[in-house]
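Note that the chains are named A, B, C and D in the order they appear, and that numbering of residues resets to 1 at the start of each chain.
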Amino acid sequence: MSARIPVAVLAATGSVGQRFIQLLADHPWFEVVAITASDRSVGKSYAEACHWILPTPIPAAVQGMVLQPTDPASAPAPLVFSALPADAARNVEPEFARAGAWVCSNASAYRMAQDVPILMPEVNPQHLDILSIQQSNRGWSGGILTNSNCTSAGMTVALKALQDAFGLRRVFAVSMQAISGAGYPGVASMDILDNIIPFIGGEEEKVETEPLKMLGRFDGNAILPADFTISAHTNRVAVQDGHIVCLSVELAQPASPQQAAEALAAYQAPVTSRDLPSAPQPVIQVRSEPDRPQPRLDRMAGAGMTTVVGRIRPDKLFTLRLVVSSHNTIRGAAGGSIYNAELLHRQGWVKP
Amino acid sequence: MSARIPVAVLAATGSVGQRFIQLLADHPWFEVVAITASDRSVGKSYAEACHWILPTPIPAAVQGMVLQPTDPASAPAPLVFSALPADAARNVEPEFARAGAWVCSNASAYRMAQDVPILMPEVNPQHLDILSIQQSNRGWSGGILTNSNCTSAGMTVALKALQDAFGLRRVFAVSMQAISGAGYPGVASMDILDNIIPFIGGEEEKVETEPLKMLGRFDGNAILPADFTISAHTNRVAVQDGHIVCLSVELAQPASPQQAAEALAAYQAPVTSRDLPSAPQPVIQVRSEPDRPQPRLDRMAGAGMTTVVGRIRPDKLFTLRLVVSSHNTIRGAAGGSIYNAELLHRQGWVKP
Amino acid sequence: MSARIPVAVLAATGSVGQRFIQLLADHPWFEVVAITASDRSVGKSYAEACHWILPTPIPAAVQGMVLQPTDPASAPAPLVFSALPADAARNVEPEFARAGAWVCSNASAYRMAQDVPILMPEVNPQHLDILSIQQSNRGWSGGILTNSNCTSAGMTVALKALQDAFGLRRVFAVSMQAISGAGYPGVASMDILDNIIPFIGGEEEKVETEPLKMLGRFDGNAILPADFTISAHTNRVAVQDGHIVCLSVELAQPASPQQAAEALAAYQAPVTSRDLPSAPQPVIQVRSEPDRPQPRLDRMAGAGMTTVVGRIRPDKLFTLRLVVSSHNTIRGAAGGSIYNAELLHRQGWVKP
Amino acid sequence: MSARIPVAVLAATGSVGQRFIQLLADHPWFEVVAITASDRSVGKSYAEACHWILPTPIPAAVQGMVLQPTDPASAPAPLVFSALPADAARNVEPEFARAGAWVCSNASAYRMAQDVPILMPEVNPQHLDILSIQQSNRGWSGGILTNSNCTSAGMTVALKALQDAFGLRRVFAVSMQAISGAGYPGVASMDILDNIIPFIGGEEEKVETEPLKMLGRFDGNAILPADFTISAHTNRVAVQDGHIVCLSVELAQPASPQQAAEALAAYQAPVTSRDLPSAPQPVIQVRSEPDRPQPRLDRMAGAGMTTVVGRIRPDKLFTLRLVVSSHNTIRGAAGGSIYNAELLHRQGWVKP
């Protein structure tokens, strides 16, 4: 175990930070050696400063670890997981990259930057190669790679399988998103109990652009976004974890529900990403019951990394309708970042 | 008050039946004189047989009323409100019509019959005239008129205003529906707490057809459905009352969000329906906040009869996106039926 | 209407402040002429500054009213309703009293002060007389009177009826409290969805002392607390409004459930409080169903002012067990304060 | 694995039946060879007949297994787990016992029978010896042993530790119980969303008697109930899994909260029960945070078998107050039954 790569977790006490701590607890390759928080918590132990909201205990190795300021000198590590809010990430993540660290970020700050990939190893591992350009552009010895917002994650996996098999033209996406996606304390209980909030600030814009970048082509110089169009409605509902997206898709070639189900079920991660520790097993689970997927029942499929698809049926306007479920703080956040880091390490970018 | 029209409520103990009893309690024109239930409850008092689930008390006049079998001899009245399930409605409602009663029905059994209107007085009061054809076809002295399923109700009001102003071509509709829409006991709590069920049996078919009939044209002989297309996803969520529908609409003529908001806010019921006791005041409420409508806050707008619309914004694929809220057991069920009966009475069909 | 008494609402934008605004909208005696808020909101209109969370619209008369700083010069009125947090109330409420205003306060700051009454007009209107001592002690031309915390309110009404009829010795009280009791944003949704929080800071202490003061005797000089003992457990549950308290009571004299039910149902407010505009009608509603009261069904009894009691049954350790329901932000907060002000006015303390 | 003991699960498709199937999936000692259901489902495969409501998949070995009628000939096995409702259990369980099977039952039918133990291996393993008397009384070659109702389970563990250390005199218990305790479909969603139901039929009687039997003494002939008294209020709340009980206890000897916490944390299962496969590790977890235990965070402690205790503090009327959390369908139902069967097997009662 002494050979594990030391990693730091930035903003370790928040909702996504806690998922990092939980998922990294017994990681075969990575070992948490530094954790950071905002000024108010620096100097306290993790157990003391953190209002832990997960149903498993705080990992023993982290309980007594002291929270550091969020800068490369205080949290030195070759690999850094960032659960920072976008504003803080914008300033802080480049400092770590400049200091030689690889920053696997959940923040939206750099997702749409030209030389920064939004990575899903089961979808677009080849986008990792743009990191050379990033290092060269910015003079960094490390770098930044991001994962998408939590809603885009699951639907992008499903769209990738359909894109490969049939091509994509137009996509309607309506999400019903869990409260954990808003962080902690996040959504006030009075706002969501017996209610729906049909609005999540900035989310529709992300859902309409991030999948296109992930499903685009890296031509050696730049990532060219995929040339289909997404229209999104995003909603907050009273679900603890797990996002549902209703999709209506217009395909480039005709496909029956059965053909689509087969393409989705057969989809595999590219070989380089397939057997990484956090790789979803399977990447996509197709359910045939009329009323699945459901967040409570399906969010933990494949330890929270699998995308679950169901209700594949014809659409009166486009080609097909389907429903996608994905765990928003595992596949859509911390788990996705860790999977990204595993690919980064597998491909030799991380120098411990 | 002795001059009020005597009415019967069929299946008065269920979820929609209770709303009928509640809303008719102080009705200026109608007086409940007979209530029916299934064999198990016949002969019991309403208070005894009914598991009352509304937060207002059982109206005093009905508490001790004895439940009758569901047939015209046991529940004679010139006007009958039916909360029967579709199967029972198919056999029983014609018996009442044959016996001379006007049946205002919530059931789906006859909605798509050629000579039966799906009526919303603020949308298509002229469809009432098909009742003459119905009486002639079937040799009835009474007749059957229906209201739409609860999800179609609100969205049809919004679509009517857009249709009149700009024309409609294509509509994507994704609903998030309250548990009261499934009746009582209906949805099991273990299925919906911390969860979403992305399926409601038969609902998508209804949402894709009933609005077209309501928005169609009565040419003196038949109701010709409107010639646009709807694609629907329907979902059940943990909300007590109030359905939300996310709409993406392709209009025949261009319209900005501002123009659509104005058309929606300006929409009025046809004169004949405008000042009926249950007429929604206003028909449509347009909200400008970024996060409205919400079921908990907006379902009781206009005593539960008003359709609330918000988040009117451009759409990347079609013309506009918007969010519609409507109370499913008031505007979408019992309240809608009562409004229908008021129009029927206003136009002289009911002979007390 | 021009003769109505002008009133100010302090901290008008919060959860309890909104209830004040809602309940005062059409009050026959009082008219809101000034509203205050914290610095951040001062100078904004109420509609602009307030995240309104009630399902009725903001009253038209208040929508455009400009928020003032919370001091007597900025919000001059002979009668003031305070929804201030305890810390702010401690400093600010005496300023208003010194300036001649009567402060009807929801805050806990002065509840246990020797010369300040915790008032419930249907329970202890005679405690109002201590206000003369308060004015004399403190040299105020106005004064402060408080209502109890929201959990104590309903249980105190029920205990008063039992105390009068049978005497009280010992009381076990276990509450299940609605989220609105914690203010807005208050309880994080991730903390309460699919969960219970068996702790509310400071609440058990209040529940164990405030009822004793309210049920105590004013001897002309001081309020002597009632000489029985309360032990409390307080819990937060996923309910929007309405607190439930399970009580086990040891009575001084034996009483059957039937006798207790009769005593509770027969309880009336003292004559001076009985016909005030906000007086609960009835004070106590006794329900005989095995599974009532329930917050969703019973919180709005008597427009939210009635205390609902059910499940009266023998207790193996004490005399009786019963369940009490009360609306926490109406009877237990804003509505209670307004009822207090009505009594104050009726008894001639308020000089407009 | 071929050496595992064959077991049958009676009523395998219900809420508790599913937990049996889930928890037995990889059991080191037991192997499910027969499953039964009501007539409607007999002859169907488990996957076909069962509306599976757990978030893990149906175990592969059971998916295709065909449901049998619930009688010893159709479901022959030396060890039988019964999730039957009480009425059915009353008739059917003796048939299995007569046929030589050991029936580990969740049903209440035989719990209070003189010669049937209510067993918790970490509390009263010595009660197992009454099975000889049962066999002799009834002429059975097998026998029936039961586990307690789900609410009694956790509180009995906590009371056992206090009883051993300080003695018990009087106990007030107020439960807040999860919806899964009512089976499936069980509680209607309209009844529990935004609500509390302060009544569970028959539950208070069970909570007031079953712990006394479990904490009683087996004198070689009979189980003499413990001589303290319990008074219970039981409530249903909107929680998926995990029961909370607020306890106020009068101890025979004085104890500080600190002493009680130490006694609870130090409590161990008797040696014979300590290292069984389903033994809780630890038996009791004592939490020191002010707001724990909470069902969402604590129900899965010790894989759902650990009793979690917190908020240990003085009581104004009795000695101490505390809060107990326990997983109702694991420790309080299927998991408890399996733990019982393990003890039965360990002590040599089961002859494969």
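Basically, contacts are C-beta pairs under 8 Å (C-beta built on N, C-alpha and C of every residue); 3 or more make two chains touch, one makes a residue touch a chain.
Bear in mind the structure is a predicted one, so any value in this text is a computation, not a measurement.
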Repeated interface matching A-B, over half of the contact pairs identical, chosen among A-C, B-C or C-D: C-D
Of A-D and B-D, whichever chain pair has more C-beta contact pairs: B-D
Where chain B and chain D are represented by their mean Cα positions, the distance between them in whole Å: 47
Distance between chain centroids, defined by C-alpha means - chain A, chain D (Å): 40
Numbers and ranges of chain B residues touching at least 2 other chains: 53, 193-194, 238-240, 296-297
Contact footprint of chain A on chain C as seen in their complex: 15, 53, 179-180, 184-194, 238-240
For the chain A and chain B complex, residues of the former touching the latter: 170, 172, 174, 176, 194-199, 201, 208, 229-231, 233, 235, 237-240, 244, 246, 248, 290-297, 310-311, 315-318, 321, 323
Of chain D, residues touching chain A in the complex: 53-56, 193-194, 240, 296-300
